[in-house]
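In what follows, a single structure is set out as structure tokens and then discussed.
For reference, chains read A, B, C and D in written order, and residue numbers begin at 1 within each chain.
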């Protein structure tokens, strides 16, 4: 039993990390009142830019490469998210439409650029991925050490720490209060002297940064290359995590961990003797069915920020 | 209408105007897999015959399943003499298009289409997989090896059955953990499965899972990075995946099951150009004709005892002493006979 | 001043032009010849009746997924699950198309009905969960997409075939293909487009002319007022999803009984459903708008296949499509710019 | 030269297709309460939004303390000491009082909001002006009156010198209005100036010093309140004579239409809001329910109309048991309902006004046959009602959202009355409307009574209750604690009853 936990927990964490980053971004964007269906595309950009950078500069930068690649992806995510921001906030474009366009644009752009840079439709493996490590000292704690500190990606810890940080910022700082205000009732925020547009821009930019990181983390730890199918649905799973987590950073983290756990369980499950003869298809759909059951059973109604999806036009009502 | 007009102009032209082309599946000609390999074959064929790209040999890329028929037809209409469909996914469309264009020659890779103007190119993957199993079982210290498949299908079953048979041939008691990811494009799932297998003591994993296999490599390399002395091996598929296994000075790719799509494509193209198009035939490539092979690139890992064992079984297969199984039933019969 | 209906036409047209211009600029930057590229794009469709028919075949499912999503949007729901509904509709149609013997006038409608029912059922689950428990339909639909992918693959491999990737072709009695059309165009042009256009009319009639449409839209706009007016809010949410799923299921039937005539396992999503979101929104969630935007989509997708003959990577078209959508969505700014221009003229 | 804090000179503000403010001038003296009066849609809110920096005027000049200023942002207004309490509250439901108030100028401790300090400051400010606000309460949990004080606190927290209140009393109960007036006086004492928008002439007479009247976007002039009377104000504003107390012949109640016995209803938090209530309404009478907001009036109406489940009791309409009928069946059995919240319940704002006219009947003949709608018949009906009820709208195809509240209300009333119900329930039917519109609506209600209908009127306006009702039931804590004859009572007595004190003369029903 413990053995199963020893393998499930680290797996859950590495699987969930990219989703956590991205979902946190989604929380910030939607909390500021901008729906971001484009998370998938922003992850694509993150994966594309980090892999490209890693391949081009690994020789020069050595083991620092993956970390700098993640930063590059963050910047790329920000730049790309600005398209979403300008269109939805300044040009009052429909947020869902723009998000869908971002997804198509990112994939087209990423693959196009890979062909320009490397002359082929998918890249080689990066030579400087992120590796797991044991956490010194903590790994020696009995039981717990093996579960939580053995062979772990630092990015998983960062994701979790960041979730708490994101929660703190959203609920304890002036900036967070303003983000939430703008997403609930932009006109009220406006009359309080808050710059609604700026705040929303920041919300979207944060989502770009974090989704970029999410895509990069996926690429640096899991796929280790980039192709048209590297990011295939993770962004949508992140959106699901945002809603599942009721637009709360910690909730989103919990939801992402739940997805990771369910996936890992379905893999472990197939080697548990009891489940050996269960048709494969049941295990494949198990994570998704579990999610629906969890939603129906315990989570129920989740209410989006009131003004999310609605462009703010100064002076209208 | 344009197409047919052209054809009457060019009709009856000399054999030098031979034109061949391929339609990729959704992978594209740089998928590091059989599309790429097929394109390399065509390019080789072009070089051998002094043909120019676009004029003598060409390809069309498909982005989705809906594109196959469109692309096949476009090539028909531009008077291509021999059209390759790369991958079993094109089988249905080739069947239909070949039916409507009896004058044009087609070749389908990895599937069988029974039409007089279609050559079916298949590979004896079970043979190569058998040898992969032999190598894995010889390499394994734990007595546990793994197989990761993309989606369960007849084709992938050939890999699995051959692999298990090969492994059991060497070590009758070896445990083979077989898992399917349900997708050829889910590296995260591949990594989960690999992580789980290595955790449970598996030390060699053979993958036949496309992009999902990337996750298997990622996991093996990660473990290797933390434990350079440990045994975490991957056996690649289709082409030599040595590069994918490189990590610092180590390499986790034990070997790869090679499928020489390029050889087959060049061969069929040449035959066709020379007027020996194997229409209506199933052209099978196996160990015998180097259509299937096993990589020996990782000299450090691929030790002599493995090489000896593999060569021994290879000979048995070529000689027909052993027949590698292709299905669960054949596998069962084979294992029982051991 | 432009009237607002004029804007509804002008903005998409300007957007398409802007998108193509942007695509040309990108081609120039990367050293491709945009004239040749777009020529190839055009020829890719209009070279021969064959490819024009191919394009129609391609447009057909886009219309239906576009309708599916537009219908949901119009009734206040976001059906991001069209993708899964297409898959189950596809397999259901092929199942009926292969497993049953019946005369065509029964077989074909039955197969279509099966697809519609399967799609509707797949949408029913997020619908009922939303109606009864308030669970957000987007998240359930996303999950249902994955479940559909795995289950249809399983059905094809283990139920419809004996471990094969592809099913038998559907029987001629259930096929949408038609010898006359094939003879006419030499292509696989099938009767699906008639089904799709019929659905366009049906959607328009439901939404604009029926009691049901009045209720569904009212519930989408304001559940409290609908309740006040004695409408059954929960039931209407479910009905909206059912109708939306029905359209998406039929899109699957177009593939299964028409373009492909069979079903096969899928490694990844077909993207018909996701593209349907763009089609719906580009078409202003209006059934007739959906026909136009689906046509644009089909045209660009088929034409782009030919662009590699001009040496241009066809990802460029993905970029162009995305940009067009962005421009249409940002219609406000185009409208504003046009008004400025008008004002300038007057002065 | 006079000492003005605020001067808005020759302001012009256009919206697409309409001039909302046309050359309006408003001058506010230091320390005065200045009323701004005008019909619905006259342009009052627009003018104030210009002053608060939400709209930019096309023409005109604004001076604060004699200095010309440019206010292009609420921030600028705040800095100039101008605060505004909007007609529709600008509060975030999910935030606490203190969070709402400090939002935008939060006290900080390190990176964190110093919530303790915020709460303390808000509490102090509240105490100083006697506002009695709980700084830690969540907005969604406090009453409308309390929310309004939060809005006032918000302006004070930002150091406002001039406070604009846009129709603050429309949403308040009489008690709350009294308290508000006390607060306004305190503010003046503290040296603030106030601009007050209201449709209630009585309030203007009571608290204001001067009054500026605008009509259809144009300034009509400014008068000293001490030198005018309600009648003059009303005719200035509307441009014609207005009659205040509605004339009506005595009621002739006939058979019982609605009978409620032992009704108990819970709210969404499962608290009993209506407790074993009994009430009968007869044909040809208007029963007014007086009571302070939150004493179960909303739940009572929702229960009668089927919008809310009843936990006990029986409701009969014309001797037919409608207790457990669904909404539609109740509607069809003869109940008309003018809901309290016209935006939430009464209208589908994104439907055209024409479509809204058939919200209750769209499924019936002749509008619907075999499931298909006849828009010709629907729009014919709509056009007829629009004309009959004087709904001012560019066309029956205009979205309901674009109509002013008064016109929205007229459309709803037309719709409900036109169905010819035996029982007409009118909840707060004149909230936020100008005197002209109020007069119109009162007439219609009485007309219904005269035609032999039973009318149930719920209102927080004692004036309205006293004027329109034939019988007044006072509701307190979920029960009818007294039934009085409007001719034999007065605001004083009603006020006491509404506060829960029992009537001296027993015999009033419980």
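Observations
As a working rule, a contact is a pair of C-beta atoms (placed from the backbone, for glycine too) under 8 Å apart; a residue touches a chain by one contact, two chains touch by 3 or more.
Given the structure is predicted, the values throughout are model-derived calculations rather than measurements.
Hopping across touching chains, the smallest step count from subunit B to subunit D is 2. Counted by C-beta pairs in contact, the busier of A-B and A-C is A-C. Farthest from subunit C in terms of Cα centroid separation is D.
Subunit B and subunit C have centres, each the mean of its CA atoms, that are 35 Å apart.
Mean C-alpha positions place subunit A and subunit C at a centre distance of 28 Å.
Work out the mean CA point of subunit C and of subunit D, and you get 46 Å between them. Under the contact definition stated at the top, not a single residue of subunit D touches 2 or more other chains. Each of residues 229, 232, 280-281, 284 in subunit A touches at least two other chains. Counting only residues that touch two or more partner chains, subunit C has 150, 153, 268.
Contacts between chains form some other arrangement here, matching none of path, ring, star or all-to-all. Interchain contacts (touch definition given at top) occur between A-B, A-C, A-D, B-C, C-D.
Subunit C contributes residues 44, 47-51, 54, 57-58, 150, 153, 157, 163-166, 169, 186-188, 255, 259-262, 264-268, 270-271, 301-302, 305-306, 308-309, 314 to its touches with subunit B in the complex.
Subunit A makes touch with subunit B in their complex at residues 3, 6-7, 10-11, 14-15, 119-122, 124-125, 127, 129, 131-134, 151, 218, 221-225, 227-230, 232, 234, 263-264, 267-268, 270-271, 280-281, 284. Every residue of subunit B that touches subunit C in the complex is listed here, in rising order: 1-3, 26, 54, 59-67, 69-71, 73-74, 77, 88-89, 91-92, 96, 100, 150-155, 157, 182-185, 210. The residues of subunit C lying in touch with subunit D in their complex are 209-212, 214-215, 217-218, 221-222, 224-231. Those residues of subunit B lying in contact with subunit A across their complex are 28-32, 152, 177, 179-180, 182, 185-189, 191-193, 195-196, 199-200, 211, 214-215, 217-218, 221-223, 225-226, 243-244, 246.
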